[in-house]
Each structure stands twice: as C-alpha cells, then as structure tokens.
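Everything below concerns the one structure shown next.
Labels for the chains are A, B and C, by order of writing; each one numbers its residues from 1.
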Amino acid sequence: MSDTLPSLILRRRPGHSLERPFYTDDAVYRADLDMIFARHWIFVGQEPDVPQPGDVMALHIGEAPVLILRDDDGGVRAFHNVCRHRGAQLVPEGKGGVGNLVCRYHTWTYGLDGKLLFADHMGDGFEAACHGLKPVALRSVAGLLFVCLADDPPTDFDDMAAVMEPYLRPHALAETKIARQIDLVEQGNWKLTMENNRECYHCAGCHPELTVPLFAYGFGFAPGQMDEAELAQATRYDELVRGSHARWEQQGLPSRLVDRLTGRATGFRTERLPLDQAGESHTTDTRAACRRLLGQLTDAKLGGLSFWTQPNSWHHFMGDHAVTFCALPLDTDRTLLRTTWLVHKDAVEGVDYDPTNLTAVWEATNRQDADLVAIAQAGVRSPAYEPGPYSPHTEGLVEQFCEWYLERMAAGLRG
Amino acid sequence: MSDTLPSLILRRRPGHSLERPFYTDDAVYRADLDMIFARHWIFVGQEPDVPQPGDVMALHIGEAPVLILRDDDGGVRAFHNVCRHRGAQLVPEGKGGVGNLVCRYHTWTYGLDGKLLFADHMGDGFEAACHGLKPVALRSVAGLLFVCLADDPPTDFDDMAAVMEPYLRPHALAETKIARQIDLVEQGNWKLTMENNRECYHCAGCHPELTVPLFAYGFGFAPGQMDEAELAQATRYDELVRGSHARWEQQGLPSRLVDRLTGRATGFRTERLPLDQAGESHTTDTRAACRRLLGQLTDAKLGGLSFWTQPNSWHHFMGDHAVTFCALPLDTDRTLLRTTWLVHKDAVEGVDYDPTNLTAVWEATNRQDADLVAIAQAGVRSPAYEPGPYSPHTEGLVEQFCEWYLERMAAGLRG
Amino acid sequence: MSDTLPSLILRRRPGHSLERPFYTDDAVYRADLDMIFARHWIFVGQEPDVPQPGDVMALHIGEAPVLILRDDDGGVRAFHNVCRHRGAQLVPEGKGGVGNLVCRYHTWTYGLDGKLLFADHMGDGFEAACHGLKPVALRSVAGLLFVCLADDPPTDFDDMAAVMEPYLRPHALAETKIARQIDLVEQGNWKLTMENNRECYHCAGCHPELTVPLFAYGFGFAPGQMDEAELAQATRYDELVRGSHARWEQQGLPSRLVDRLTGRATGFRTERLPLDQAGESHTTDTRAACRRLLGQLTDAKLGGLSFWTQPNSWHHFMGDHAVTFCALPLDTDRTLLRTTWLVHKDAVEGVDYDPTNLTAVWEATNRQDADLVAIAQAGVRSPAYEPGPYSPHTEGLVEQFCEWYLERMAAGLRG
C-alpha cells in the first residue's frame, strides 16, 4: 500500500467507513491477522462441537491451524494443529473422534493433553518432553468457546465472562446439541462481514424473513424524519423493552443492556430484546421452533438475548434455541461465516423440531448478507470510493466496531 | 520488479517488442491502470448500449466500477458505480433499466443525474448535496462512447472528435442497434491484445476467414523479398486504394488516411480501405450481411472504414454494419475483449440479417487472436525472452502503439 | 518476508526442518527458481521421451518454457521454447513431432538445430543468423536427460556422469520405451516433495504397497530402541546387502554406495539394494513385471539400483523395468511430479507386461506421498510451526538435501 498503516489509522475520519486499503490491501490483511486475530479472544465454537472425550474439531484462525478437543477428563482444550516433528497438519479440517492424536506422516503420537507419547527412531538424545503439542489458550463462557493465539491473552476476558455468565446460564448451552451447522464463504473482507452485522439499517430493505420477528424500531431511527404516529410507535417500543426487561429480570433472566464494545481488548455487548408477534423465536412465524425449551426454561416468550463480541462473533439466545455466528478471515476478500443452531440435547429431530423451520430465518438472512458484503467489497475496491458517513441513529455499533478495530491496531503497532 | 519503471522505459530498444516486466509484472500493471487507464480517454461502448432513458450499463475500467446511463433528457452520462454511503457497488455488472439508481444496501437513492434524492436516518446535519454520485467524464464521437476517469481529461480529444465525426457520420451509429455483443477473456496482458490488433503480419497464417475480405497487400510487405509479379499486384493494390478513395470522397465519404497515433494523449488513426471480391463487408462471402444499409447509404460497396484509438479500441464501419472492439484489462495477464456488431435499428433479425453470418468472420478471428495472445503471454514470461525486432514493413503500427504507451507512461511519471 | 534470505540461511538449525518462509514465502520461491533451478542440472526426462528425429517435448522449468528435441542427426538438444520475434511460446506443452519448428504467430521457422530458416517481411537489414533459438545446455547420462539454464553450467556434472554411467549402462535406457508416464500435481513446495522422497521413515505407516518389495531395515532405525531379535534381523539385512553387492559386482553390475550429495553443485547418490521376497522388482508380488528384461540382462533378481540427484530427481532401475521421477516447481505451494515407467523397447504391452501391474506400486505410493506433502504444506504455513528435529537414524538424507540446498543458496547469494 502507498500509505503506511499508522498514517491510515491516524487520519481516519470518525463516523465514516474506513478507507479502501483497510478492505483491499494484502498488507493490512496480514496486519489484521497478526494484531487482531493472533492477539485477541476469538470465538471458535461451543462445547457441543466436541461433546465427548476424544472429540476433536480442526479449524483455521487466519493461517494458523488449530484443534479443539475434549480430553479424557471432560475438559475442552486447544492446541496448534501442527506436528512438532516436521510440521504436518495433525488433524484434518472438520470434526472427528480420536483416542490419541497420531500424525499420519511418521506416527508421532500425542495424548489428548498434548504430551508426546511416541516418536520412533529419534535416538537417545531426543527429549520427548520438549516436543508436546503447543497449547492455545482456551476459555469457555457458559459453553461458548474462545481461543487466543497469544502467549499473554488479554486479561479483561474475565470481566466479560463474569458479566455474561448470568445472562447465558439460563439457556444452558452445555446441555444443548448442534441441530445444524452451516459454513458460508462471504466474498468480502472480514471487517465488511462484521460491519454488516453491526447494523439493521439495511434490514427493512434486505431481510424480509428476519424483520418478521424483529421490531423495526429496535434498529434505530432519525426522530426528526418521523411523523407523530411513528414517534408514538417508537415510544411504545421503548415501553415494551422496559416492561419486558422488568418482567424477565423478575423471572431471574438478566436482560438489561451492557455495552463494553470499545476501550478494551475484549469488547462485547449484550441485551435481551422483545420479539414481535408471538415473541418467541427467530422463526418465520415468531413461535418457538423447538418444543423442548432450553435448560429449565418453561416460558417460550423470552425474546432474544443478543451477545456481540469483538472482533468476530454474534449470538442470539431464545427460549427454544440458540444461534451462534463465527466469522473467520480466509483472505483479504473472503470470510468464512459459520452459523450453528443449538437445541436442547434431549430434543428429537422430527418430533420436537423441524430443522428446516429452525434454520429458515437465518439461512435466508445469511444469504442476503453475503450478497450485501459482496457488493460492498466490489465497491470499496474502486479508486473512487471514499469513506461515507454512518447514520448517527442506526450505525452506532458499526462505528464502535471501527473504533475498537483502530484502537487495537494502534495498540498492536505500539508493540 | 528488480528494474524500476523509469529505467525500463528509458532503455527501451526502438523497433523491438517490450521487455518482459511490461507484460508480466504486477507493479507495471498497476502503473498501467494508474497512468494509462485512469488518465486517458477509454472507449467503453456506443450509444445503442443505452438506447432509452433509464438504460444503464455497468463495467470496470481496471479496478474502477463505472456506470453509463441515458438520462431523462436523452443524454448519456457516466458515474462511478459506488454508493456514497458505505461504498457498495450500486448497479450490477452488465445492462439493465432503472427509474432511479437505488443502492440495494441501505436504499440510498440517486437520480439519473447523480443527485442523492433519498437517504434515510441520516439525521439533521447530513448534507445530501455533498453526497451525489461522482461523475466520470464522458464524450460521444458520432455515437462511440469514451470515458476518462481523470479530473482533467486530455483536451486533444476535441481534435480527434473533429476529425472523426465526418468520417463516421455517414454510418449513423446513433441510428443503429446492437445485433450481437460478445465478451471474450484473453489470457494475456492488455498490451499483447493491442499489439496483436495493430498488425496483420499474422493474418495470412492465422486468419483464414478474415483474409477473404481483406487484401493481403494491405498488410504491408518487404518489397525486397518479392518477385515482379508480386510487385505488380502490390502496385495494382495501391492504385485500387487511390481510386477508391477518390470515388468515395466524391460520394461524400471521407476516406483518406489520418494517422495521429503518437505524440499526443489521444492517439488515433483512420482510413477507409477497399475489400476484396464483392468488396462490401467483413463476411465470409464479402457481401453485405444486412440488407438494410446504415444511415442513408445506398451503395454497399464502401470497403471498410477502420478507426483505431490508443489505448484500447478499434472499429470497422462497412456499408451494412459496424463492428467495435473494446479491450479492458482484468489482471496482469487477462484482458476482456468486448466485440459489438451494429446494424440499422430498423433491420429485422432473420429478415434483413442472419446474426450467424454477420458475426462469423470476427467470431472466428477473435478466437484465433485469443489463442495467439495466450502463446505470446506464455512465452514472454520466460526469463530467456528478449525483445525481438518488429518488421519495418508490417509492424509499424505495433511500434507506434509501444511508442505511444511509453510516451504516456513517461508523462505519467513526470506527474 | 520479514527476515532476509541470508539471515534465514545463516540461522538454520542443523538437523532440523527448515523455517516456515522456505516453504511458504513467494520471495524465497523466486530465489529458488533463480538460484537452484536456473543454475543447476535439472533432470527433465529420458531419451525415450523423444525417440525419433523431429520428436519434441515441451515443459517448464519454473517460469522458463523449454523444449527438448531429437535432431536430424539423432542427437538430443534443448532450446528455450520462445520465438525470437515477439516471444511467443513456440511448441505447446507436451509432446509432438515436427519437421521444422514453426511459430504459429508469424511463421518464423527454425531448424531442429535452432537456426532461423525463414522470417517473412523483415527487410534487408535483418540478420537471421542473430535470431536463432537460444540453446539450453543438455547432457545425457546413459539416457537420462539433464538440462541447465545457466550460461556456465556446473562442471562437476562430468564427474557424476563418469560415476553413474557404469551403474546405469547394463539397464540400457537408450534401448527402452516409455510404457507409462503420469503427471501428478502435489499441493506443496518442491522442497517438501524432495524431503518426502529422501526418507522412508514414513513408509511403514503410509506405503503398504511399497513396503512389500522394500526391506524395512533399509529405511534406518534407532538401534537403542530395538530388542535382540530385531537387532539380529538388522544384522542379517546388512549381510544380505554385502553379499548381494559382491554377487552383483561379480556379474559386472556396479552396486556399492556412492554418496556425493553435498559439498558440490551436482549432488547425487547411488546404490543397488536387494528387494524382499522374490527380490526382482517394485511390484506388488516382487516379481518382474516385464518378461523381456532390460538390455542384455538375463537375471531378474538384481534388486533395485537407486539414483538420487539434487535438486529434483530420483530413479529406480530393476532388471525388468526402470522408474524415473522428475519434480518441477509450479508455484510456491505446488509441484509437478512426473513419473515414467520404462521397459525394453521390444517388450509388447499385454504380452510381455501388463501396465496396471507395472505401475501399481508407484501409482499408489505417489498418491500417498502427495497426500503427505499436502498435510506438510498445510502445517508449515502455521505461524506456530517451528522446525522440528530429524531422526538421526532415518532422516539423514533429508538433512543432506537441506544442507545441499542451503549451500547452493548461499553460493547463489555470493553471486
């Protein structure tokens, strides 16, 4: 790039989309992998991805192959998915079950704790104890799994965990199973995927399915452009939110907004919000898609608890199911979006839930979003593109995503 | 590249093909986009591409998405195809019809004059007047459309327009319609596509269809290698050209050679040349492919008026139809060639013309040329490739293309 | 790359695999093409690839298209496959037969000796004698063809030729024909393909077919890890090798180890080794796959004469057939492996040999190796990969490959 990264960061115009190189330049992309994805807590999945001891899941965080497994004691661990002999990728991408981790190349064998158990022909001077798998920091927040590739992960994760566990606990993620998991490759830089997630300004025009359960007044609006009838509706929506919060918190369900998206390494935000009509779920009829509710819940009408994390995830927890979203960069202009639908582990497919109904809203919404990310990437490639203004009423969280990103890049450049 | 662009330009050996980095180096390619395609008049199509108000055509000039449209007053305009909000590509690649230009992302809406008409939720401080589409300079020469991405387009375009309009006017391009338009991706640098167009040294061996209407003696030849019979034929060809020019100019059709390919930003060349046999058209039987002649023409035997422009187009106007060629760089080693066949707008397909017959010669010739460009690209990638000599008798226009290119790159480097 | 090539070379830890950039960095790859593949003797095929005058074979050494042909006098020659006019690739990739070499572009015509015989329209000043094809140095060692792109090829090739000709002569490669030739693209850096070839530590676990004819004790082993029974077997294997060598050398077949892999430009190694069971060939039943033996051989039980060259080949010569392997880099992370099975030229397919039986062991082994190279490439891309230790007992030749490579890169950097 002709401009240096520090100068690009310094001259950023607040309240406006980022300059072209942030979305298109390979050097910025490599810096993103190094300073964002290798130094922060990255959402990678949930405990039900590896339900049993010996279950293993392999994925890439940027160029780093990582494996997540459940060990013999039932704990979840993460390791670099790289044999310590000649560097072969140990476990193939995807999921499987193993006794030990055996490299196919020269049969070096590691225990589920990462210890090197066997390496033939290495001679007397070889120290097996120095050649265990390299561990990757892993934390579970009420069943949501985050890893950090850095040796010294950000410590403010504890704070997020402390805040979020009471919100998430009633949905009992550890007691769920994966009903569906779908990978989608978006043709855009990972930041466009995230920015697209951080506003619903586009929802009215682009997401006919999602706007059935979601209230339009929850997306933000410019009050100056509204007539009295609209203002009255907006006021009623605010009252509905306040009333719902009060009711749910009385039921023991933390619901009020917590917004710590910026000014810290581990940015996050959460709030439980009412849904329209039946008010139960992100479905085309707004009713629960699964008869067996999550955990010990008995009331299906709990709205949706949303949980957003910087830099790469968002989640919606309803009474009957949860949906999690994990965005992982594949290249400067390609991003993997993995969506996971979770239901109670005792729910029976075809009896308690119809997976087509369960996934209909977000499958459609994801396809629509992928299309939007692609046209965004196509346009920002233009030399004529210049950062445009965010709506102060509907794109505040996009601005907060950009602020957090630039803060963390600046921190990374300081070393 | 290990050599700098200025040193590559300075050490170029006249009369020889360019050095390897000009065809293979990504940094030279980016410089080509910046100094050639973003600063000169680029042929992009013709008025019949957008015949009606609201018709829009989107294409890329290098990395810049551009849209061409016909506005409500019947004028043709060009804009950067990039929403001023968050940069989404506004109109999809290809052709369509619109009332206004509505961005699919957040429904920002622009008029056909580029003005921002609607942007929801932007609040009170937002100035719509500052967020219209960015215009791109556009000029029509007797219906041929050229755009320039620069803020200060080369002014010698006027001169080309003044020369060319009398030549082109009798063919009444504005009164034509598109009979066929075919895109072909050539596997070579755009300069190899252009160099291939600028000589017919290869025609005898490679283009069996094209050499039916074209006279071999029009391709140039080395007189020292010819016997007396051949020299006599060459002399007869010269006489035919002179006689034809005299006859056509008497009919009010400017025909004589104008060659201003070098020494200026807007290089061009034109000449009307006789065709062999029936002498009417670029068809396999040399007869008109369309019964309805262009404009008010009544004589089909008008040979072919050729018009070449630097850096990216060539055109042939016959009595019955016209063919235009637009070359656009896609990557260091890939080039889009768009070929358009135009007939009188009242001509009826299947009655006045058979599109297979109309396009047969150039469809075959384009395929053959794409193959030649591919082997040229494959060979110049070799570290052992060194620039070879152009034939002084048949490759003079290739040399003029290279001269123009190097002049303009040098001018670009001067700033 | 953030580290310079010299610093990467200097800090290499002996006995360990190479650092990540050697396998993944595009700049190192280009240096490999320049300093290894353009300056050393590269194995490209064998005389039976071009059996008759006018036979021509075109391939790429890195970015350099090269053609190998048999001239009218029966000699084998190599040229850069690039027309001296405008650089078109002269002969398409693959094999064919020609009278002269005619460029399709403008019909420039070269003799099989590379002389320019015809170039139309070039005018009086043109000197055809200065525009012959650029020759490439070519040497045949008992029918194995090596080319060197450098102007001053390493002279220690003579020494390799002198050593190897007595070993290879009894297999009479010039009297063979190609029974099968298969190209396979491995998804890894060329050095991973070579390193994989230079050890059989992985054979026990990965190559069920190859380990039928090969003795496990020939792969190396850590004596400290073996019990008495195993040590006794290893001793018996050593005795078998010594006894076989004595017998074969008495038959006039040089067999003893020559190891000159490092400390020289043209590194190589050879040894004839006994095979298990019937001991005749690399087949699934260890018996000769071709009834007609090579050359004048009458004894099928000759084990396998292996011949390894730096940087890109290995070969196995049995009594009944030979297999040659040529590795050519396609990109930083892609390598072409061409495998050729050769039998006596008078052997009749379907009568003397069944090609499925002939190729079964190495077709399976190549597929398995391609998979191993792919997982090696996938793992070394990880930022967490660090060079691991080679087994001193089984990976000595891998270490010698790396030593040679680094010696030659250092020599290249010195100029």
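One rule holds for everything that comes next: contacts are C-beta pairs under 8 Å (C-beta built on N, C-alpha and C of every residue); 3 or more make two chains touch, one makes a residue touch a chain.
Everything numeric in this text was worked out from a predicted model, so none of it was measured.
The minimum number of touch steps separating subunit A from subunit C is 1.
Residue numbering at the subunit A/subunit B interface overlaps only partly, since under half of the positions present are found in both copies. Remark: rotation between subunit B and subunit C after Cα superposition is 120° (nearest 5).
Subunit B has its Cα centroid 48 Å from the Cα centroid of subunit A. Of all residues in subunit B, none touches 2 or more other chains. On the side of subunit B, the complex with subunit C involves touching residues 17, 195, 201-202, 204-206, 220-222, 224-225, 371-372, 375-376, 378-385, 387-394.
Note for the complex: subunit B touches subunit A at residues 38, 63-65, 80-90, 92, 104-107, 120-126, 131, 134, 149.
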